[in-house]
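The first chain written gets the first letter, and so on, giving A, B, C, D and E; residue counts start at 1 in each chain.
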């Protein structure tokens, strides 16, 4: 992405946040709006429990924080999920699985990354086997900062995401499509011989329309 | 010569159809001692003759392939002749002759298969001959009572006479039907017989046992009522028979679920389905009998369809275990639809006719108020869903699990034509469920029961209510079409998965050589359910193999009676002579 | 009748030719050269025709042919409906064996003149046994048949054949001693050897002596008629002999002895029912034990031997019942067993000529080499088991229907049990024949011997056609069998025909 | 004194006892001997016993052989001719059988080098 | 002609009741767990969200047709159950069907699902199907035993006739023969795929289940048919045990009461493993059923 936009990590987020959404809103029909509203109102979460963030997801769903009241509920498999939550540092070994899970989700799909580890490596900044910047490999829609962020922060993140969805903002999955070559090159660089087969992403390359 | 043999055999194979359409007048053939064999078509025979007339030519089609040996068709023609003779016979000797021709010609068909082992060959012939000899004994019993072999109502029997005769005939027919625990010969022989032959065994030969069982209703009109008394609105003997049938079907169903070989599974399923028929006959009454006939009809069509489909698969892939197949749906689509229709009918799901026959049986049970039996039938019926699913999943769905399954091609036409015809028949019968009862009504009349007399062919009517097959089929069809159309009207696009390995697999990436097929293991965990585990851990094969071992040991002892030294021979003569002489002299009498 | 017969005894077809012709042809054997087998076949076909012709003439009463002095003092032939029926059967059987040997036997020992002479003698002896009306002549014919049988058994002249011949000879001699002893005692007590006269006088001799004679005859004839426990020798002999010879033993010799046994029982005893009952038990035991033992046999000839014993037991069971229907059925079964056993033994001969031995393993998969023979074996065994639509079924049904009519059920149970055991081993053999095996396991044709021509199968086909024919239409034989059964059971009629007075 | 013994009854009893003794000897031999020739000898002895019984019991002291020669012109005072004739026939047959047996034994001995029935085992199934 | 109005109306009623009841269920569970819970419309939102997904992955024709069969089966089932009594409206095609037919029609859906899952080639999905079929085997025995007792009691297999035979509270099957209701209740809950017998789907927690491969609009179809079929089952049980309903309001109230009962049971009992569930059905409800048979028929 860097080569196209000249930004990296949360710099890009700044850019995207600052983008003008007014034009988008005008292009939406009533049906589009309804659909967008429905999408934000019902988020099925595939919580990829990597790192310490996995422990933070659980209270989110239980009585104390009760994310269900926002229509957020867990999903068992990527096929049913709308949001992928990457909850912490990603080892290279885990990255492969995360990418696979992400590619198997059905569009529209969103990625929320938890904690500083996903932003810049965090306390694992010099580890030999973790991924430092997750958005080099997956189109993260939202980073939730902290080490680890509390469930309240997580809920805030979700609400922010819901708002962006309702506004009809261009989701990360479209970025993934547009910059597939770049994402794939990054992935290939890290994964090397363990690179995923392209059966889940090839259709994007041939210009597949979802 | 080959061509002549084939044409001749084919002509014989269509004779049941000719007989069914064009028979008029009786045929009489003299036997010794003034006895005669006579042949005619009775309503009951006519029903089963119809099954034969439909089944025989369809089953013969796969045998016409070049790959199949000549003798197969010729022996099959003989088998058809035997069954036809059995059905047409008006006397027990003719019945027995047909029965035995059927037995040994089918045995020869089985034994010439390269897969048949000695144990199977022996168990098939010994069980069937035991049945035949029990039948013969019963027939001679009837002869000693009436002085004639004619099939007629036996009245005024004493309890002992009746009991002995009923046991002899009943055991014979129950062996043929494959009732527990006398079913052991069925799975082995169905499994190991050549594929086109298994079709015949399951679809047609087993029905002859049903015919025999129904014949007993004619032979022993007093059996239900007089001998054992009543039990809950029905005869106790019928109650017993019904339980025998239902236990057979339950156990056979569980055994079927545990099989990992297609034909073996179908064999157990066949046993189970005929268990329903036995139950229905046990229930008796107009509903029970017509349910039995209807189910026999459906099972004939279904087992023809399924066995022919699987014969096609085996011919194309050379594999017969669930583990070694998979994903054939794209390579053998017509066979897939054949099996799909087959299992829907087999599982007794509406709108196909399997439901119609089961409905009749259920209503008969409710009418008789035999509720526990009803629950037991439901148990085996519901458990049958499991093996039905296994039947369609393991070969056609899932992932191809052997090189053959990956490159297989659609079965050749001799397999497909009968499948297409049978699918049409099943769907037609499902749409017009009244056709089955219309066919069964003459039999009911002949048995002295009130026919069901549906208002139209589209409805299956019973005194307890019925259903309309045409409406059902239309509603389902229209609903299906509308749902599919609406789905396409929604936004977004349907995308085909990039590869067969594109599975949600907990993030893992399965490789093509990973065993992703869940064929043979399916149903294995059922063993953990106490009842099923208990049933599956049991088998009557130990008893029979023990019996065989005892006989062998006895034979070993008796062969010691035949020494090879001359002086031993003379010794035994002298001893016997001396003993007899002493005994004779002590007795003091002359000759 | 006597007058007609005496006018031109040499030209008229009289029963004596049935015995004399084979003897004559046998003793003139040096004349025949290479035409021996056709001659053997032709002669027996002629005798068969003669027997049938005579059979047509004895519908109303037996034909008594005096040889030297008029009975009861002299020697006579007693040709009635049953003995002629059996003669017809046996000559036909020998004719078929002859045809088979003519076309099929290429081994040197069957090419020799000996074989020809021996079969002729065997045939003469058996016919004599069936026809004679004199106890001592019976002994003589038994010995003629016996000696030729011993030699036929040892014809192959290797160790196994000689062993079989020697054992057969020993046991035959023992049997002969017993029969001779009985003959002697009979003469001493009754003063006559004419069977009819003995029949008149037997009831008057002391009870102990009756039992002694009866037991001596039972042992002597029982050995030859293969009744348990006197049949212990049979498997050995059949195993050692060539199947062609065994066919003759089982199809011809045993049948003659069975007839002799029952003819004596029915003719001599005033009340054959008691002895008949014991013979039934004996037959039943014979059948069950033999069928049981056959289960374990691993050699084709041995298996066929036990099967033969079983069938003999069944026939004994039927004939011992002394009731017309059952006896007629028993005679029918006797006919069927002869036909089927001939077929089976000839098929065995064909198979042994192609396989390395008669052992189970050697014969596995033989059907691929000999499809027709295997098919005929199936046919023969089906008839043997009594499965429709073959003749064996009809005869068994006939017997059992007779028992059922009389309300006696234990023989039915025994017969069915026996048939089931029989099925167990016959079907095992058939299954083995049809088992696919790699070709190298089959032995190649014996080197140096020309293979049998395909014409060798026509006697087998004739037998097959007969088995099917009789199975489909037992009415063809019904009148003859019923008459034969009546004649066999009609003691007073037989005695009256000879002695002129009713007993 | 011995005349008293010279009655048919005593004679017949003697013959009967003698032939039974012979018969038993033969039977004993048959049951115990294993040599082929000894078996045939035993068989011959048994047959002899039967002949002896036959001849002995059908005649009486003082009777002559039933042969019409030396001036005898009628069958008076002769023994019953039938047993004599029959015995002769039986003897011939027995001789033939015996000869056959012996020749076969020799042949068997030539082939296998044994004459012991106990070791005959070619017909046994393994 | 009436069918043209009846059919959409019946489908609408079941669908509405479906999302409403399930929305209520989520609320109810949330309150029990001391949560605020989603709005009552949440199920509708979820369902429509799935229908508006832009990508739907298919594993081949059969994978696609399976949910269609399932939906068609659910629609047919709904249309063969009479909703009201004493009126000609909302009867659907129930005159052409009967109780046994309806019970078997309910299995058509799972069959379609099973075919689709099989076609996906995912072994986890097939494991789920096997579990489902196993549970079906367990629950159908006591369920049908109870239904058979009802059929014997009213001597008919027609649902309308059974409904018509219970005009007043005193004649409800629930009152005349409460034992049958006890027999049927737990299998009924299992047939709704509800806790404590919901290990088959295990909606959130277990990776393997029949729905493992479904996403997007296909999942929406599955959800819809599940809601409709469940409501059809409630309507059926109401008809059989609670005398049916004369108008939609009555129907709604009765279904709601029944729903409360089942929801309460689901809320308090822990989940059973498949084989435990089957064994349970064959011990407790079936044992009760046998007792019921003995009491009603033999005594």
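In this section, a residue touches a chain if its C-beta (ideal position, glycine included) is under 8 Å from a C-beta of that chain, and two chains touch if they have at least 3 such contacts.
The shown structure was predicted, so the numbers you read here are calculated from the model rather than taken from an experiment.
> What is the graph distance from chain A to chain B, where chains are linked when they touch?
Steps on the shortest route: 1.
> Would you mind naming the chains that touch chain D and likewise touch chain E?
Output, common partners of chain D and chain E: B.
> Measuring centre to centre with C-alpha atoms, which chain is farthest from chain B?
The chain farthest from chain B, judged by C-alpha centres, is D.
> Most remote chain relative to chain A, going by C-alpha centroids?
Farthest chain from chain A, going by C-alpha centroids: D.
> Going by the contact definition up top, give me the pair of chains with the most C-beta pairs touching.
Per chain pair, the contact count peaks at B-E.
> List the centre-to-centre spacing of chain B and chain C in whole Å, with centres computed as mean CA coordinates.
So the centroids are 44 Å from each other.
> Just give me the whole-number Å value for how far the CA centre of chain C lies from that of chain E.
Inter-chain centre distance comes to 79 Å.
> Per the centroid of Cα atoms for each chain, what is the distance between chain B and chain E, given in Å?
Computed from C-alpha means, the inter-chain centre distance equals 35 Å.
> How many Å are there between the centre of chain C and the centre of chain D, using C-alpha atoms for each centre?
Spacing between the chain centres: roughly 29 Å.
> For chain C, which residues are shared contacts with two or more other chains?
Correct list: 167, 170, 174, 236.
> Counting only residues that touch at least two other chains, what does the list for chain D look like?
30, 39, 117, 120, 123
> Counting only residues that touch at least 2 other chains, which ones in chain B make the list?
In chain B, residues 491-493, 495, 497, 502, 504, 506, 564, 566, 570 touch at least two other chains, as defined above.
> Could you list each pair of chains that touch, in label order?
A-B, A-E, B-C, B-D, B-E, C-D
> Give every residue of chain A touching chain E within the complex, in rising order.
Chain A reaches chain E through residues 35, 38-39, 41-42, 44, 62-63, 66, 68-71, 73-80, 82, 104-108, 210.
> Where on chain C does chain B make contact in their complex?
167, 170-171, 174, 202-203, 206-208, 210-212, 214-216, 218-219, 223, 228-230, 232-233, 235-236, 269, 274-275, 289, 292-296, 325, 332, 378, 382, 387-389, 393-394, 397-398, 400-401, 403-405, 407, 409, 412-413, 416, 419-421, 423-424, 427-428, 430-432, 434, 436, 473-475, 478
> Could you pull out which chain B residues touch chain E in their complex?
The touching residues are 232, 327, 329-330, 340, 344, 347-350, 355, 359, 362-363, 365-366, 369, 371-372, 374-376, 378-379, 381-383, 385-386, 389, 392-393, 396-399, 462, 464-468, 471-472, 475-476, 479-480, 483-484, 487, 490-497, 500, 502-506, 516-518, 522-523, 525-526, 528-531.
> In their shared complex, at which residues does chain B touch chain D?
564-567, 570-571, 574
> Flag every residue of chain B that touches chain A in the complex, lowest number first.
491-493, 495, 497-499, 501-502, 504, 506-509
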